[in-house]
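Pasting a structure below so you can have a look.
Read from first to last, the chains carry the letters A, B, C, D, E, F, G and H; within each, the first residue is number 1.
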Amino acid sequence: MWTVYLSGEIHTDWREQIIAGCAELELAIQFTSAVTDHQSSDAAGDHLRDNENPFWRDHQSAKVNAIRTKTLIEQADLVVVRFGDKYKQWNAAFDAGYCAALGRPYITLHDEAIIHPLKEVDAAALAWAQTPAQVVEILRYTLTA
Amino acid sequence: MWTVYLSGEIHTDWREQIIAGCAELELAIQFTSAVTDHQSSDAAGDHLRDNENPFWRDHQSAKVNAIRTKTLIEQADLVVVRFGDKYKQWNAAFDAGYCAALGRPYITLHDEAIIHPLKEVDAAALAWAQTPAQVVEILRYTLTA
Amino acid sequence: MWTVYLSGEIHTDWREQIIAGCAELELAIQFTSAVTDHQSSDAAGDHLRDNENPFWRDHQSAKVNAIRTKTLIEQADLVVVRFGDKYKQWNAAFDAGYCAALGRPYITLHDEAIIHPLKEVDAAALAWAQTPAQVVEILRYTLTA
Amino acid sequence: MWTVYLSGEIHTDWREQIIAGCAELELAIQFTSAVTDHQSSDAAGDHLRDNENPFWRDHQSAKVNAIRTKTLIEQADLVVVRFGDKYKQWNAAFDAGYCAALGRPYITLHDEAIIHPLKEVDAAALAWAQTPAQVVEILRYTLTA
Amino acid sequence: MWTVYLSGEIHTDWREQIIAGCAELELAIQFTSAVTDHQSSDAAGDHLRDNENPFWRDHQSAKVNAIRTKTLIEQADLVVVRFGDKYKQWNAAFDAGYCAALGRPYITLHDEAIIHPLKEVDAAALAWAQTPAQVVEILRYTLTA
Amino acid sequence: MWTVYLSGEIHTDWREQIIAGCAELELAIQFTSAVTDHQSSDAAGDHLRDNENPFWRDHQSAKVNAIRTKTLIEQADLVVVRFGDKYKQWNAAFDAGYCAALGRPYITLHDEAIIHPLKEVDAAALAWAQTPAQVVEILRYTLTA
Amino acid sequence: MWTVYLSGEIHTDWREQIIAGCAELELAIQFTSAVTDHQSSDAAGDHLRDNENPFWRDHQSAKVNAIRTKTLIEQADLVVVRFGDKYKQWNAAFDAGYCAALGRPYITLHDEAIIHPLKEVDAAALAWAQTPAQVVEILRYTLTA
Amino acid sequence: MWTVYLSGEIHTDWREQIIAGCAELELAIQFTSAVTDHQSSDAAGDHLRDNENPFWRDHQSAKVNAIRTKTLIEQADLVVVRFGDKYKQWNAAFDAGYCAALGRPYITLHDEAIIHPLKEVDAAALAWAQTPAQVVEILRYTLTA
């Protein structure tokens, strides 16, 4: 049983595609990830106290989210980091750097159009995939070849 | 003598402002950073072999650059990570994640306009500054207060 | 299944409230903690040998207690550290510092009245909660959102 | 040359006594510590931005202070942690826990009256001293015997 | 479920006493130890090749034994190190030092007659017991109090 | 239950002999290894993208293989590294060095004819075996003596 | 001042070429390496005791050599690992694996003819160079660009 | 400049012989060790407080001594551990185990008569020497060959 953490972009169904592809192959993988509902994630700390200052509101929620993400990344055997073509996605690059320093293997998943700005992130990755199906194939190979 | 690594954006003179500000105060700090000449950095591995494929060209240069950046970040007492308002700057976020996993303290330097996409990066930082002068003040306080 | 260690104050029922709140939500959490019976804890080493000197009696019992606390904190995924308004509670702050150096995430639980003396402890925490219900909400979010 | 970090209580001259005692013996020790001016320390982050909420003001300053304290504790060969008879001094106990988890040796310095609440902190220490002169004697022995 | 490694002296039935005492109390402990049959242990590597030189015979067997002992000590939650009044038992003191550097908690078990030569070993231990029954009591307290 | 990783030579049936020998003795061991089908292994990354340059083709596949090998070596309790008399087998020596730096125990398996070029690799190993049957005997002793 | 360890092949003057090239550029580098005199290295432990068995003679010398190599590799900022076209050179691949597990950056130096057997070693390297001059250029760039 | 810690037996002049031998060869070595005056060492903590109980007196002094020994062992590049033919010398075996778990290389120095009880300690050492002159020769080779 491997644990694979799915990090990054939350606007397309790449997570579902990978999970479904692995389920079809009956691979023994437990998938984990950050909370992917954008509004819940932004509000994760709001019940603790209201903050007029948006910096502290974000700070408070980001730390509550880190309880989950930090622990799950450290428990993962492999991390997949997805970059889309919109938004800054600095949290995805942050997760990749976190994995690199921990020695936790990760795969990047992104289009060819953004290989240049991702060169440092890709250089420390063990693979660059362009499609969820390629990630599934890497997982199939890794677990069953 | 402290060592401070300056990571991130290379299009404005924020590094020079911090270095000059600390020099004026005669703070005992050695500053280090990645190679900040964009073209040299992109070409760092070109002398090893030509690659038609832009992915491998970037890969090769990014790894050569990592010899410098990885070593200097691990030797630093403090890292300052600067995010500008243009470009993806995923390498800056990657460096922040790397620092977080190592337990190496870092400060972020960016405008208020981008606090939301940087919330995870800021949550693991020890300070968020908006101007180089604020970074200099933190360094002055840390070394001489 | 997460493991959550409950550290600190032993005079109110905050542990029971958190455990009951999580049970109601059927969260998959195993709770651990130090021995919370004050007299048993103070006497933990008395069967080894009597000590006239109270320093060595305390020393001997504190070390026996550390067999349990050190191991359980290192095995925890998350630690909750509770500070009441009475007593010194230096062991709670000690546990927080221990977590910080290990990179083990922790939440503090205390009233607003003592935020100033706890500022260093809170600065390294991932959340500050004022009520057990807020801790339960963080756990619910972390495990099920 | 040893580096000794002096942590804790800031209302008496125990630091000066230790430093003077070691100077008299010409021991090759560099002493470091947190910023011990209470008001400067509380205001360490105020130049970054004002916060109406006292929690965030403390949070911001405590993190700026951590840039100094975390780095200096990790660089120290030995830490002396002083507990006075007033105030909560949770930051001192936090520093002791931080040292314990890092494996950094530390000595406690406190009166006999508070050995019971400090039993966990003392149990992980390599010595308990009651006077600055005893700390000086330990340093003399360690460096020159 | 805790794992407790029993290290040291092999000529009396202290292991059996501890195991039986814990079984009676139904403590959830898995006990491990080195191979305690002296002749098997000395001959552990003999099937690999004969050595005329007794140093290399011992060397070869000691390394084969280390496959077991090193792994089991690193997997243990607690180690009990027993010193008898005969023989050198340097391997027991070696195991204690190994535990100390790993941060693995250990208890020593020995008579009062040898406290002086064991002072360094005892100083890094979390308890000194004189009888197997005291060890059982520590385990009962640690697991069930 | 122990986990034993079998590294190195893929042209003879040494893996099968060890696995069968342990099965006969009913030893509780889970065996893992790299993908041992040579062609699959060389092609592990081909589905990601074609590379005209053989260096990058190998690079890409070797990194995909590392997802499996790095993780399984780090999860193993013991590694067996087999060197045959043909081919360079630098990956086997690389795995041995990786184990040595991690502190993961390993056994080498090779003929007497190559003890000289393997002296550094053998010096950090816990045993040198010449036959699969000797490895089985070490495993039997380690798990059941 | 950087420290660069030169590992591997001892039959050509690649070390001298790198050292001379860096000297010409006045790069602030301290070079270290194993003892490169083959006979001295093989005889490193002979003064301790004679061994009829060649395995133990090699074992004894290899361990004495490890006092030097292990310490110098751990102190290096960068390692260059050279593979020639003759001999097994398993110690070079072992050093590369050791660096990989430590997170110590390394460069490989070898001809194109052997990229396939070195694919795992190259996959974890930060650069592959074919000539000493390329290594010098990487060092120049890393230290002075 | 290497740092070599000399651990163990304090009744013969083996330390002086090694230091003199290295001085003659002008080897750049800084030697460190525990306090070797037996009475000072036993009394190291007596100034802190008197203890009627000999266990606590030893405990207190052993911990004060550990401030020195733990720090110096961790700073050493190499440790020499000497076992004489008298006394228990459990602290020497403890130091060897401490080095083994840290990955700090060590050499043992003892007569042939005690190879059997020292087999575990020797198995983790990088060399066994019988005379101080052999240790000097290893140091000469390591630093200057």
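Everything that follows uses one rule, which is that a residue touches a chain if its C-beta (ideal position, glycine included) is under 8 Å from a C-beta of that chain, and two chains touch if they have at least 3 such contacts.
All values reported here derive from a predicted model rather than from experimental measurement.
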{"item": "G-H compared against B-F, more contacting pairs", "value": "G-H"}
{"item": "Maximum centroid distance from chain B, chain identifier (CA atoms)", "value": "E"}
{"item": "Whole-Å gap between the CA centroids of chain D and chain F", "value": "49"}
{"item": "Chain C and chain E: spacing of chain centres that average the CA atoms, whole Å", "value": "31"}
{"item": "Approximate Å spacing (C-alpha centroids) for the pair chain C, chain H", "value": "40"}
{"item": "Numbers and ranges of chain E residues touching at least 2 other chains", "value": "49, 55, 63, 66, 128"}
{"item": "Chain E residues touching chain C - in the complex, by the definition given at the top", "value": "2, 77-78, 105, 107, 126-130, 134, 137-138, 141-142, 145"}
{"item": "In the complex, chain A residues that touch chain B", "value": "54-55, 58-59, 61-63, 65-66, 69, 83, 87-102, 112, 114-124, 128"}
{"item": "Residue ranges of chain D touching chain B (in the complex, touch as defined)", "value": "35, 37, 40, 44-45, 47-49, 60, 63-64, 66-68, 70-71"}
{"item": "For the chain A and chain D complex, residues of the former touching the latter", "value": "49, 51-53, 55-56"}
